[in-house]
Amino acid sequence: MCGIFGIYGHTQASYLTFLGLYALQHRGQESAGIVVSDGREVHAHLGMGLVSEVFSPEIVAKLKGHIAIGHVRYSTTGSSHIRNAQPFLTRWKKGYLAVAHNGNLVNSLSLREKLEKDGALFQTTLDSELLIHLIVRSRKKDMVERIVDALSQLKGAYSFLISTEDRIFAVRDPHGFRPLVLGDLGGVPVISSETCAFDLIGARFLREIEPGEIVEIESKGVKSYHPFKKVKPSYCIFEFIYFARPDSWQFGGSVYITRKKLGARLYEEAPTDVDMVVPIPDSGNYAALGYALRGNLPFEMAVIRNHYVGRTFIQPSQEVRDLGVRVKLNPCRDILKGKRITVVEDSIVRGTTSRMRMRTLREAGVKEIHMRVSCPPHRYPCFYGIDFPNPRELAANIMGIEGIRKFLGLDSLYYLSLEGMLSCMPEKGEHFCTACFTGDYPVKPEEKVDKFILERR
Amino acid sequence: MCGIFGIYGHTQASYLTFLGLYALQHRGQESAGIVVSDGREVHAHLGMGLVSEVFSPEIVAKLKGHIAIGHVRYSTTGSSHIRNAQPFLTRWKKGYLAVAHNGNLVNSLSLREKLEKDGALFQTTLDSELLIHLIVRSRKKDMVERIVDALSQLKGAYSFLISTEDRIFAVRDPHGFRPLVLGDLGGVPVISSETCAFDLIGARFLREIEPGEIVEIESKGVKSYHPFKKVKPSYCIFEFIYFARPDSWQFGGSVYITRKKLGARLYEEAPTDVDMVVPIPDSGNYAALGYALRGNLPFEMAVIRNHYVGRTFIQPSQEVRDLGVRVKLNPCRDILKGKRITVVEDSIVRGTTSRMRMRTLREAGVKEIHMRVSCPPHRYPCFYGIDFPNPRELAANIMGIEGIRKFLGLDSLYYLSLEGMLSCMPEKGEHFCTACFTGDYPVKPEEKVDKFILERR
Amino acid sequence: MCGIFGIYGHTQASYLTFLGLYALQHRGQESAGIVVSDGREVHAHLGMGLVSEVFSPEIVAKLKGHIAIGHVRYSTTGSSHIRNAQPFLTRWKKGYLAVAHNGNLVNSLSLREKLEKDGALFQTTLDSELLIHLIVRSRKKDMVERIVDALSQLKGAYSFLISTEDRIFAVRDPHGFRPLVLGDLGGVPVISSETCAFDLIGARFLREIEPGEIVEIESKGVKSYHPFKKVKPSYCIFEFIYFARPDSWQFGGSVYITRKKLGARLYEEAPTDVDMVVPIPDSGNYAALGYALRGNLPFEMAVIRNHYVGRTFIQPSQEVRDLGVRVKLNPCRDILKGKRITVVEDSIVRGTTSRMRMRTLREAGVKEIHMRVSCPPHRYPCFYGIDFPNPRELAANIMGIEGIRKFLGLDSLYYLSLEGMLSCMPEKGEHFCTACFTGDYPVKPEEKVDKFILERR
Amino acid sequence: MCGIFGIYGHTQASYLTFLGLYALQHRGQESAGIVVSDGREVHAHLGMGLVSEVFSPEIVAKLKGHIAIGHVRYSTTGSSHIRNAQPFLTRWKKGYLAVAHNGNLVNSLSLREKLEKDGALFQTTLDSELLIHLIVRSRKKDMVERIVDALSQLKGAYSFLISTEDRIFAVRDPHGFRPLVLGDLGGVPVISSETCAFDLIGARFLREIEPGEIVEIESKGVKSYHPFKKVKPSYCIFEFIYFARPDSWQFGGSVYITRKKLGARLYEEAPTDVDMVVPIPDSGNYAALGYALRGNLPFEMAVIRNHYVGRTFIQPSQEVRDLGVRVKLNPCRDILKGKRITVVEDSIVRGTTSRMRMRTLREAGVKEIHMRVSCPPHRYPCFYGIDFPNPRELAANIMGIEGIRKFLGLDSLYYLSLEGMLSCMPEKGEHFCTACFTGDYPVKPEEKVDKFILERR
């Protein structure tokens, strides 16, 4: 996954983008980058690591200009190289183009092959570079038309920020897989993957960029285009379940409130009679609150997080993940010993992480563990930007639900029903992509991308 | 504050100490160090920064031996230098001595001046180095007697780990200001500032080291000495309020449960009629849970933490603290807008951090804010190891309670009473040091220490 | 300036390229890079700094493959960024292309503008990237023809190494401005800017790549093409005067011996009656030896070099250069006091460095200083790859020869005549480019290149 | 070996000390440090690596004060740790003491054991720390008397700089093993291991500190003490042969001129009839010049040094040394092919380095090689500060002279005679320590020191 942020017309553009990326850090921790323009010259800084590691105050101060776009990245293809950092910046006949991308195209390999046949050269395997080539090669004159021309060849999930010396374009694919929101900071337009970035910089949330919409921001103001035929939206439901920050608003609703609803529905579908409801920090917190409230059960934050480690799901290797789990969360024995508890999880992917957690709960003396998961079992890959493991490694495919229950050593296990989950959404259920649960893909995937190795230090 | 950890007789001593320090990271983030012995040779590694920054797998692997002690440090004197990293290691006529310290002596300057008159040389201003000089200069023959001789000259708060080539001594001052616990890892004795480190490595908590007790660990086993006259204990009550991890057990009780009791008592003393109880992460979580449960009020985790920043209280400069607050916590507008809330805080020191938080709550649309603090107002300095600001900078001294209420822009503000706080403690109230609230110092402070500047890279 | 190195068909290709670049380090200290291919996959590593800083044994070991090209760079355009490191690697429809360049094109801007009009995107302002675009866009089928097609559009100075997955092409421009030599390492072909790299790896020098020649190396062996109309060569005479290493052979002769001849001729043109001849380390050493030998004068290495600093000419800022001079060279007072000396210099550019040196010689008690310079005065810019300062900053243009003599505080000053210099060359004088002395440019310069700023860490 | 530098009473004391250490870099490359005092407070900065790596302009600027001493170190004991960096700084009852040392004591272990019995604690195994303990424990009142008291217990080679808040003491042992010189910078006293540091900062060389002399520098000026009974000096002759910089003056004479004399004498003892004399850079340069001049033979700098590597002798591991040789020096084939040459070396230690050099000369086509060495064969260890290998590893002991000749593949080999060497010295031959050649130790060695491992980062 990735996070993107842009701002147009502020003297502190790079600093505000730095803060914006900071708020979006949960969407990608592998690399970060900012491209800034003063209307004529363009400067960029990109690096591997957290936003706070890549950018120092000195570096941000050097990025002068009033137009900025930024990006945080978590690799969806496995290779961890500085050259894959975004925004992708290049020079063409009319000046500069920078692109930041959240999502994943499903026809990038065939598009690249076609372009290469026409003489295009590629520095990376990034969808952002692909988009730039398409824009540059378009025979249209106007930049908006060029972008429309380029986008019309893309299939898949994308929220793009495109910046020239003097304009920013914000684009969301016709299905609207990934979120993208528009805000206002004292008259200055800002764009972000999530609204939580607006809160941090004190901006006001105006509205979501609509699926298929192109927003053009320039000195005269903000214009909106809807060049594509309207299709049924396919919002990524996993953004609500797990990915987005609880303090964000997306796809027509509050993440926090939606998660609480999922928890309440979970209780309705599968109530438990226990001494307490225990969330697994941090993504399970809100569904657990909803579950406890609906069931009038005591809520206890009995699994303690060590704040000196990062987010589990978003770490590269299995070894690190295993250690990460052991080090990161500790059950509080004094409150758990001899108790019957309900654990609320947001998802079970491989099951290995959950298994270790359940084991430590047992070691802490928990008598009964009932697990409730706030979504259905994951069974299919995501081609739209979330890096799930190979379906053959997914617990639900390997062992089935009862198998998982035994594997985790649970007294009971229940996954929220598809209907239940969809009923909690702020928009119609059919407007959400549920492919990872159902295998029902709104846009057919085409192929996997190749690798290309180049390291710069 | 500091955290200390020791283990005797394990082939993976340095790795387990590394993990132990990891679990104690919340007690100090400035520096970390481990001294390990194989019975004859002693190796040490110390560095500035977090445990995970100072130690790599390669470094830990090089620290061979079965006896190890470790230390994490947050400077109480303001100077941030590698030379202040602990354990402090030195060579004397009988071999090696390493000392790790949690606490603060109140007569260190006069002791050092006395020793310097006798020809002692000091490399640091650490209490650990002072202790070593006293041990070495003692005329007693036996090491236990030397340690007793040395300790009898110390005044103040200390939990020490002292290691020679073949023994570890664990010491707690007669008042027992700082915690120190003994555990067992499959027959191998382990010692830690807090029990949460035992959980991480899978050790069993046996008991607290008693105030005034010296525990000697060597190949034949564990011996205990009580050489000092028994005095009334003075456990640091702020460990319960704020410092210790909730999953630790200390001073006869569970931190988690004690904090919940504080919250419940807070409701009894000052109930509120609100839409929800909101904790300020993370230390206020448990008192808030207790408050909500006792008052049968909805509990909402409506202030969202960005997990890519460290703990506020434990950061050096005011600028960083200010930025930290803004960046670290975000109120979830969608759940808070138009609501009446009770915020539970663990303490208010300068008030500047709280003020910024309350302002962002108001910006998120909260209608009424009632603050409840789970301890009385801080008015006096701590001489026993906690780095409170100068009393003249404490909010309660500057503006009084009503002044704080206005300064924070609250609809109401209530501090838990001294009696209320003490009634929640797992031991008799008179066994706790409450000097920071009352100015009633169990051990009279003598002086401030000097500075000594030497930087090694 | 830059240095390039390539090897085809050795299991240790990347390690030998690392060593080759090491021997060519004097040609560029800003960045270094290696691209290696195993016949199918291509790997690259590039970084800022010295070869020994960019490459560790671990990194070299990871660069697996039997075909490698490498590059060391000193910026000719002033911007010091990792993106300007070479070889430049890209992907096109037929696979991979990597290019390493020594020289400077004089029509790169107009070529780039033309390509951009055709939809080309540029990541850098490197001539290497330009060449790749021209190769890729060529309508020819065969790679050799594509390269010929591309080269025929280039004007200026270039020695290129071009690598695909399974071939290396070595190219020298028709004027042969920059050196390029072919060697043999036990049957394995090697290519280098200078023969000194062959010595280091134990390879045998076979011959120089000829001006206008394209050498193709593939699994079946080495082929040679001469597609361009023969023109009069224009070997860079400054390679002999200053740039090349004395142990290299180029343009038909030995650098060492040529420099000695320059010194001997200098004595013939302007003899001195002094106590000793003193070289300014290190480039002046050999001309000084020749001067002393021809004049039967004692040779004294009386200016001592501190070996912990780099080469003066090749350092970026004026401040560093000033400090560099003071710190790097010290006259040996005991041998110089009261003496009349002849100093042999290889060139005077701005004169500021020489002035400081002469001042320190006077401070060391030298009575008379006669300076002899082993080339004529520099008056014109180089457009073929050497980064001389703006002509308005050249001492000879600012103050004239007598002015320089006074500025440096010399008793006499003599520059070698153009005829004298050319008479020492191993080939006909008219085969050398002397534009920096005469302003007579073999290939007309067209324009200056633009800047493009992007930093990756 | 080590280098020391001090200055008293200059506003730029730390910057000038930085420059002084820079000029002394050849005496030690492992670590560097500066201690500076403003008369009351003392600051220090120490680090691993070259002076230019340890000190940045920012760091030097922070070291405020007018009194400074500095140190560069090459480990004589093999352990490479930051804690062994000097100057060694400590606090005692009267303030601060810092000590920088060049040399090696032969009774340090017994002294330390004695002190430890008296309760002394040691942080390091440095002789500097030992000296401080002795000064502090002295019962004398006056600092000069304390220093005399302490020094009178030391045996071995030492040049010390001792600094308090307001004074510097410069001390040389009664045998004067190591050099130490006094200079003047516009009225400000400066002290250095070698005079080349004076040249760099523009100071005037006044005189050598005499063997057994204590120089006290304070605000009122410079005082001199000669408290010890006069003994015959034992100047380290290897300083003249190899260690000192050629532009230094020491032990009554110029290093440059003395080396030339050694070369001339070498010709007289063992003339050769060859085409040229070739020095091995850099230490062999001056003896080779003397040899060529005396024999009226052409002098050719035919072995080219790559300036991007450090000094061979002073590098830790054998592997690095081997690679170093291959990479660092390249014979110039064009001048050497088919020639008969005389190579002048300053010394042969293990012989492995020379062997590789001779092999590359043969590979370059040299027909005859006659080696002349400007000192007798090394056969014995040095206990006074030079880190020769174990005598069992010395070539002369392993294979004898004829064996070395064969091992190196020479046509002839000759070592300068002891008498010949001594006859070139600026003082009486009996005033020099020749123990490494003769085994005749002026001060009997007592023992080897122990190791003590502590790493700080």
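Observations, loosely collected:
To keep things simple, chains are lettered A, B, C and D as they appear, and every chain counts its residues starting from 1.
Please note the rule applied: a contact is a pair of C-beta atoms (placed from the backbone, for glycine too) under 8 Å apart; a residue touches a chain by one contact, two chains touch by 3 or more.
All of these numbers come straight from a predicted model, not from anything done at the bench.
When the interfaces C-D and B-D are ranked by how many C-beta pairs touch across them, C-D comes first. Of the chain pairs B-D, A-B or C-D, the one whose interface repeats that of A-C, sharing more than half of its contact pairs by residue number, is B-D. The most distant chain from chain C is B, comparing centres defined as mean Cα coordinates. Mean C-alpha position of chain B lies 50 Å from that of chain D. Separating the centre of chain C from that of chain D, both taken as means of CA atoms, is a distance of 37 Å.
Not a single residue position of chain D touches two or more of the other chains. The residues of chain B lying in touch with chain A in their complex are 19, 22-23, 25-26, 29, 50-52, 196, 199-200, 202, 245-247, 249, 254, 256-257, 282, 285-286, 289, 293, 298-302, 304-311, 326-327, 330-335, 360, 363-364.
Remark: chain D residues 41-48, 54, 82-83, 85, 89-93, 97, 113, 116-117, 119-123, 132-133, 136-137, 452-457 touch chain B in the complex.
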